[in-house]
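Next up: the structures, one after another.
In the two assemblies presented below, chain A is common to both, partnered first by chain B and then by chain C.
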Partner chain A sequence: MSQGPDADLADAVRDAAGVRVERCYQCGKCTAGCPMARHMDLAPNQIMRLAQTGDPGDREALLRSLAIWCCAGCLTCTQRCPRELDPAAVIDALRELSRREGKVSPRGRRILAFHEAFLASVEHTGRMSEVPLVGLYKLWSGDIFQDLAVAPAMLARGKLPLIPHVIKGRTEIRRIFEACRAKEKA
Partner chain B sequence: MTPPRCPPPPRGGAGDIGYYPGCSLAGGAVELDLSIRALARVAGAELREIDDWNCCGATAAHSLNHDLAVALPFRALALAEAQGLGTVLAPCAACFSRLKGTLVRLGRDPGLAERAARLAGLPFQGKVRVVSINGFINGLLADGLAGTLTRPLPGLKAVPYYGCLLSRGEGINEGEDPESPSAMEGAIKAAGCSVLPWNFATECCGGGFSMSKTEAVMDLGGAVLSDAKAAGADLVVVGCPMCHSNLDMRRRGAMPVLYLSELLGLAAGLSPAALGLDRHFTDARTVCAGGRP
Partner chain C sequence: MSRLGVFVCHCGENIGRTVDCAAVAAAAARFPGVVHSVDYKYMCSDPGQSMIKKAIADLKLTGVVVAACSPRMHERTFRSAAAQAGLNPYLLEMANVREHCSWVHADRAAATAKAVELVRLMVEKTRRDRALRPVRVPVEPTAMVVGGGIAGIQAALDIAAGGKKVVLVESGPSIGGHMARLSETFPTLDCSQCILTPRMVEAASHPNIRLMTYAEVAAVEGFVGNFEVTVRRKARFVDPDKCTGCGDCWNRCPQKRIPSEFDAGLGARRAIYVPFPQAVPNKPVIDAERCTMLKQGKCGLCAKVCPRGAVDFKDRDRLEKVKVGAVVLATGFELWDHASYGEYGGGRLADVIDGFAFERLASASGPTGGAIKRPSDGAEPKTVVFIQCCGSRDEKKGLPYCSKICCMYTAKHAMLYRHKVHDGEATVFYMDIRATGKGYEEFVRRAIDNDGARYVRGRVSRVYRRQDGRLVVKGADTLAGRPVTVLADMVVLADAVRPRRGSERLAQLFGVGYDQHGFYSEAHPKLRPVETAAAGVFLAGACQAPKDIPDAVAQASAAAAKTLGLFSQPQLEREPVIARVNRNLCSHCRSCVHTCPYGAVKDFEVKDRAGSVLKVVAEVNEGLCQGCGTCVAVCRSHCIDLDGFTDEQIHAQIAALEAA
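Presenting the complex of A and B:
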């Protein structure tokens, strides 16, 4: 997979997501059904369009957009695309590229911090646990005071185990993460 | 109204049902774990937890690394197969979506199966069936649970909320119209409740953005609950821990939100505490009382 900054974006997306973005005919159905469109700086159909052009400026606009981080992965677009193009998978591929090239929108950093905190918890223990997830998220997002009132209420309901469960195969899990990261850089 | 499509009963023959609780069921969604286990006990189904299961990677893995999004569910599936579990119940809709989606993609793409096996360092023949909360409960009902629901809740009007992960995605909603699923309806009626038509059955609640984009979750969850209210519902029935948290906790006080397993557990005569109903943020006592004030 040639996914350096000079590679054609449509090819990179095809390799990563198995989607041929050039087949999109811009009907706009993805945008019409997208629950997150109102929070995005590029609508889903614009994302598909910018991925088609081969223009370096469009590529840059896409990888630096907030929109790719706002996708909730609800799959409404994928479900409804008359060309069966899976825009959600395209956005997954664009997020990966954006992160790899250090182009994450400053407005998307909190969302990235949450995903990274989630995966860090899984990498070290084999499972997601709320305490390390929220702790790391606060640290990495800078959002120290968010949801302070929620924690005691969660505790009272037995919904906040303080000691994370660590699986026996945690070295296996670390190996899987390393192998997947190596792939990412290849 | 089409009858629910019941998969073959998940017990008998193949032995125990493999249980993949998923991470939230030890924390934020503890009531889903309690109610699934309690309901399985009532129905005489044996759940055997997959030994040493790992997280499926959820939204985070597919957002950042597509290899990880396959390799993590792959390990869980491979463990189940190695432990002789032919059927795996994943009650969390997000886990179900990741496990089932991965299984379907592996079956379709031998190259992917080979790469996943290399990344996870484990063999996997694909001889595992993944069952959702809806499939599991419909199976139990068909298998005799329906006849033991001695405490129906006829005063209640419910709306089934499938959200994204129980309606869309490859292999998720086999044979059903993803825009208009019906897998929960038969079970809700079996619990004695009436099912109301509404507009938001498959709309998104904002999913994993609860902390990182709270305003979107407040908007979307609020719209779901407004439509439920407009439809005249007393409660929303869900199968997803993210939907539950976004509606019950983030929109605290709006309307009781119950897992399908909690509702069926009440109809089976189990106590609200045994099902974890006392752990909700939004008071569910009216539901426990069968709609009587």
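Presenting the complex of A and C:
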């Protein structure tokens, strides 16, 4: 996993996601079924295409795109790809590269903040906990007031427990995170 | 004393790249019996063959080993060169250093060493070769064509025009095949029936053609020039000699709602029926599965109304043996069933239809009289979406190949729809347009430029039915880079072309190869496109690969030419690789008689001069023996040997390998 910024993107994607993007024949079925494609600056089939070219400009465009952060992970593209590729895994690999190289698109940063808040919640409580998740997301995204109006009602119905639930196996969960970090550094 | 010549071919770069051919030739020069050993760039070329011929004449060679490609490729080439130089052709052998060596190895030193060994083995064999004479067998100058679609009809007509007899076997009640179901044909839009039905009539009335409809091949015996094919003539329950085709029976049959296969289920037929009004022969059959008389013994109305007494409920399948010299397989195709395409409705949406259903809707003789009406409610669809590559080029569905005809017929469908529904919208989702025939590209452009078909480049992800009944087509426009949603009244799927069900079983009967999809294998993809690995069995039409009408007709004529070429010789020469029995050693255990897959071994009575039987032994019929060697392997007294592959030769090869 020691892919420098100059390494071929197709190779990096193959190593990280196990997908050979050069097999894509651009039928567009991924784009056709994608519920998020309308919000993307690059359609899923275009993401696959730009990952094939080996052009440094295309690599930059992909890693700085909003599209890779829009993916909801529903896997419709992967399910229906006639060439049995996994576009969702390709997008995941691109997100990792984008983050590592500090190229996350400005609008994508909020989505990244959500992912990071989710992972932080899992790391510390062993599960998805609403208050840490929302709190960290608001802190990191800077969007303090989003959806704030629903908070009182949710509090009243016990949907926002102020003391987060924790699971027994937190130590093991934390060890998984540490192992991942060690692997990333190596 | 053997005087052998060894000729090592580079095959351009094919062998020379991996094998040091000069070193192989030098090593072979030292093998026992070898008096001449050379290498050359292209041994099969004219100068290469001349080298062999000259060496045979000048050095009085008694045997030749050519180290080159597979004997399947060029054994005949080199053996005929040897014969021209006066050497018995069966004294020339080939060592396969291409398929068995250079093509499958990368290491040059190891490949060269292996090539030397392959040549050594073949030298040992050739030293023990005996001159053989080809076996001559008579030819039955009658052809069988299996399949009565346009390819089968064309092949039959061409063979018949060449003056030879043809038996045309068709599994359905009528000849005509899929072409009879088509509305109009690309790229000229002439009416399919108008160009086909005269040919059907010609085939039926030609004095050299015998039609066997409602019949299937049940068993095959024999070999090229002398096949004996057992045909199962399915029970029609109607005597075709008495029947005049008046139609009284099918007009009165009370079973009125049986979906018509010919109309892709959009129309209905009776239990006693002809598939379509222009059927040849225009004589009905009774569908035993649907007839209440045959199932429950009730009704019998057709028999009562028939003025000629032609209906016979006691009719049974009959087997008939036919002797033929050559066979043309023209079993055609069927459409892949999109029921396994869940994302396009899985066959459960009435208004998602296949190409044949659209053909029947657009056909003047179809269930709607040529009006485009959707199946669910009979309304005229105002928006039709055509989806190409449904199944084709989809590895996930196990069909990685291109079906070839869909680009063209979809353009035709869009065109016909726009001609019939002027205010209708036709949208075509495609991945690539493959319009590579004469006038084909112009035809597709016409559909787009003149007839206003909207072409969108992208595959469709999903088709589903909305609450209001409209079909939602979720596709992509990959050129614009965005998803596209189209609301449609009807969707036409260009389902993949696949071989007809049961084609594998037929291939096995005739000893013809087929690929993983069931398409029949030609003997060589470029140079022998209509022959098969089974001598005397030829291919025509879509049973070999997806084909449109012009391609199928062209191949059918080619198969007919091959058949006529075969029949132009009064006798055939066959390879003399024949098993021989040593009568003195045979103990008449009959193991060989039971195991011979070709029924070529029979009992033979050895008699004295007075005619009394001294003993019974096994004897091989030269005409039937295929040289497989099974009898040699099972013979307990080791009294059977195979000409050209004697035990002595094989043991010498093994011994040479062990010594090396």
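Quick note on the criterion: the second predicted complex is superposed on the first by the 183 of 186 C-alpha atoms of A that agree within 3 Å, B and C clash if a C-alpha of one lies under 4 Å from a C-alpha of the other, contacts with A are read in each partner's own complex, and residues count from 1 in each chain.
As a working rule, contacts are C-beta pairs under 8 Å (C-beta built on N, C-alpha and C of every residue); 3 or more make two chains touch, one makes a residue touch a chain.
Just so it is clear, the model here is predicted, and its values are computed rather than measured.
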Which superposed partner A:D8 touches (first chain B, second chain C, both, neither): neither
Chain B versus chain C, judged by how many residues of chain A each one touches: B
Which superposed partner A:Y25 touches (first chain B, second chain C, both, neither): second
Partner chain in contact with A:Q46 - chain B first, chain C second, else both or neither: second
A:I167 touches, of chain B and chain C: first, second, both or neither? first
First (chain B), second (chain C), both or neither touched by A:T76: both
Which superposed partner A:D55 touches (first chain B, second chain C, both, neither): neither
Which superposed partner A:A16 touches (first chain B, second chain C, both, neither): first
Shared contact residues on chain A - chain B and chain C: 76
Chain A to chain C touching residues, read off their complex: 25-34, 37-38, 42-43, 45-46, 76, 80-84
In the complex with chain B, residue positions of chain A that touch it: 16-17, 35-36, 39, 70, 72-76, 78-79, 92-93, 95-96, 99, 110-116, 118-119, 122, 126-130, 134, 137, 141, 143, 146-147, 150, 153-154, 157-161, 165, 167-169, 172-173, 175-177, 179-181, 183-184
In the complex with chain A, residue positions of chain C that touch it: 343, 389, 393-397, 431, 457-462, 474-478, 481-484
Complex contact set, residues of chain B against chain A: 23-24, 26-30, 52-55, 57-69, 71-72, 75, 118-121, 164, 168-169, 178-179, 203-204, 206-209, 211-214, 216, 220, 249, 278-281
